[in-house]
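Structure first, then comments.
Chain naming follows the written order as A, B and C, and within any one chain the residues start at number 1.
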Amino acid sequence: MSFSRYLVTSPRDLAGAAILLFVALVLPFCGLDDYYANVLVLILIYAGLASSWNLIGGVAGQFSLGHSAFFGIGAYTSTLLYNYAGISPWLGMLAGGVISTILAVAISYSVFRMRGVFFAMATLAVGETIRILLIYSRKFFDLPYSISINFTPGLSNMIFEERTTYALLAGGYLLACVAVTFVLVRSYAGFYLKAIRDNEDAADASGVPIRRYKLIAFLLSAFLTSIGGTLMAQYILYIEPGTVFSVELSVDLPLMAILGGIGTVVGPFIGAAILIPLREILVEQLGGTLSGAHLVIYGFLLIVIVIVLPHGLMGGLSSLREWVGRKRTSGGPARETAP
Amino acid sequence: MSLLDVRTVTKKFGGLVAVGEVDVRVEAGEIVGLIGPNGAGKTTLFNVIAGAMRPESGDVVFDGHSIVGLSAAAICRRGLARTFQIPQPFTTMTVAETIMTAAFLHGADVTASNREAHMVAERVGLGGREHVLTPTLTNAQKKRLEVGRALGTRPKLLLLDEVMAGLNHAEVSRMLDLIRRVRDEGVTILLVEHNMEAVMAISDRLIVLDAGRKIADGEPRAVVDDPAVIRAYLGDDEPEAVDA
Amino acid sequence: MLVFVQLVVSGVLLGGVYALAALGLNLIFGVAKVVNFAHGEFLMLGMYAGFWLMTTTGINPYFGAPLIAIVFFGVGLLFYAGLMRFTIYKPELTQVFATLGLGILLQNAALMAWSADYRTLQVMPAGWDSINVLGAFIPTNRLIAFAYSVAILAAVIVFLRTTFIGRAIEAVSQDLMSARLMGIDPNRVFLITFGLGIALTGVAGAVLVPSFYAFPSVGSFFVLASFVVVVLGGLGSVVGTIAGGLVLGLVETTVGYFAPDLKEATHFVLLIGLLTVRPHGLLGIKGAEKETLK
């Protein structure tokens, strides 16, 4: 374990950074088949989304089941502003982020009073409420149920001809999310959030401003998830309440984070990198989304992962390292690297 | 001006008066022991001072400012730190990381906090164990870590909640040494204790509570001989005649 | 005035339905401190069970309920022994996502097996679909479901208070450590509780299928309503489930009258509002919302 002044760092970080930079900035240029390029873009966007979820769900330990609200707000804000007001999605993206952040602040007063499953229940309710409100609002605003974006490529439109460009954009998004996570986890704030997760009363007695740090994680998470929503909308060029405000998404993001390693910096990326291709394969092999077969497997996977590997692959790796380390040294269980 | 001035504090639970109009003063540099029979209200008073409970009436003035109604974290930031009777470790952290968390009160510099955590660990007798995960510590070590965590915040006043509970004779002795060292470094101490031998050995002054009221306040020798105190601990019964 | 009476009658009937649907959830939560996110799917299975029972054997679910109860008791035992047993002492997210995963699995398995078609039963002989009492319109199926509600809730309360097992369950729900010290085996209590909870849920579904359509995702509708009932009435309180159900039924019916599209939203708004203000519900155990099983 070593430190630059404000962050806990470790030599292994360089390896992780190298892999991420490669995937985000080099892989898109490797002349991938269109099919694989599509999978890459999806992996990158979902990895960013899962990392964003991880900020509040993993690092701060408050598992939200309502992140579809922020995703959907991002998608709808930029799309509506672009389609009806001609505003560039780059600005629309920021606007969506701001609205999501405001929503997060508004509900934080309520939801932070609850712990564990009740926080999950309440956020689930928030996600569904936003979806219903949107559908209801169609009465007043004359909105169609589903909205398409015309394919007119251009940088200011955030629409691109080449999948490579989308991949770079998504890659940049992922790198930003991971960077934010890294700084949060490895700085003093990471210690605070861990303390809050481990023992809130002791954290309180140690001078940790609990509300404030939970809120910071929550706001960052809401903002970044919203950005991802805009990116997805600009990539798929089609949005409807059922897909962007879906409970499936709210469950997908935590699932990816858990598989890879909840609370870790690269866990969500690993989870996305495994689950997205897996999902594509399942849908291919077992017939379209209508039959439900791939979701049966999905549900089963969720159960197995959460029972067998609650700390995900990164957690498994970390336990392995500790076990090996203990075999080498004597004395009580110890940890020689950054969490 | 006293460092801690507890003014006529009353705390009720429904109809029960747990603490009734109690005044307590602690001067800087003192070690004050708070004792009393079971149910006397010591823990309640402790919790009121530490900000875990709000009194119905009265005021708690620390370092010249009222702290009633502030959160535990805010009180800690003002220089009043507390330990927990049953150690409350951060279950996924090491000894060093625990103390670092507390030390961040004074700056976000991770390198500096780590250095400070190592020094504090040394002071509380956990030197060499900085990388041990807290759940695997022994009870005595956890209690010392509690003190270490509180010290990490660089408090002016340290509130110790039955810090001797569960310690054997040798461990008590070590803890007493630690408390003395902490006072020598300039920290004022208020401790709630059941262990009479320990609290007598270490306190400059004793305060005795009984049924929510303060019944004695002074030098340990004098307090222990006070008939009111003896009655509180042993009860009012007439000693029975040996041959009936 | 007539409108008011109708609203009250409809609200109470609906409330009884919600209370019945939520009972199993509340029991399991109160005792094992587990929030079963797959609750809606078990309800859905109960509905299909009632449907298939009648279409294959001709026994209507009102009479076949005891049979369904037995079958679902077994399902509940399996649920605990095969899955929940492994989550009780793990981090909380395990419990949440394991039940969530099971819910997704069951919902889609139902989709694969029975397709998305809406199913319902015609149980009442023609002309008996509804009765008119004092000018208020009462669907008979709802009335029977309500009667079942009342009977089952009463039976459960009696069971918990008088039988040994019932009191063991109550003991574990109030203070696990003390119950253990008295020699009660928590594992066995959890096993029975899950059996009982799922049996109640299965019966609720079966009794509801003549009044509601059965389809694979019907669970998601009921699960939110059940959460609201549980939180309203009190986490872990059986009597509270009744109160919670009635309140929800009345509120939803009233809102439904003035703004039909917002009916669904009432569930969510109530849930969030309640969890904010009184996380332990109107009658429940204070602090239950901060408890986890250690």
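One rule holds for everything that comes next: a contact is a pair of C-beta atoms (placed from the backbone, for glycine too) under 8 Å apart; a residue touches a chain by one contact, two chains touch by 3 or more.
Predicted model only: the values in this text are computed from it and were never measured.
If you draw each protein chain as a dot and join the dots that touch, you get a simple line with two loose ends. More C-beta pairs touch across one of A-C and A-B than the other; that pair is A-C. Distance from per-chain Cα centroids to the pooled protein Cα centroid is smallest for A.
With each centre defined as the average position of its C-alpha atoms, the distance from chain B to chain C rounds to 49 Å.
With centres set at the average Cα position, the gap from chain A to chain C is 33 Å. Per-chain CA centroids place chain A at a distance of 44 Å from chain B.
By the touch rule above, chain A contacts chain B in their complex via residues 3-8, 187-188, 191-192, 194-195, 197-199, 201-210, 331-336, 339. Across the complex, chain A meets chain C through its residues 63, 65, 107, 109-111, 113-118, 120-122, 125-126, 128-129, 132-133, 135-136, 139, 247, 251, 254-255, 258, 262, 291-293, 295-296, 298-303, 305-307, 310.
In the complex of the two chains, the chain B residues touching chain A come out as 50, 71-73, 76-77, 81-82, 84, 88-94, 97, 100-102, 104-105, 108-111, 113-114, 129, 131-133, 136-137, 149-150, 152-153. Chain contact summary for the complex, chain C toward chain A: residues 35, 83, 86-87, 90-98, 100-109, 111-112, 216, 220, 224, 227, 231, 261-262, 264-265, 267-269, 271-273, 275-276, 279, 289-290, 292.
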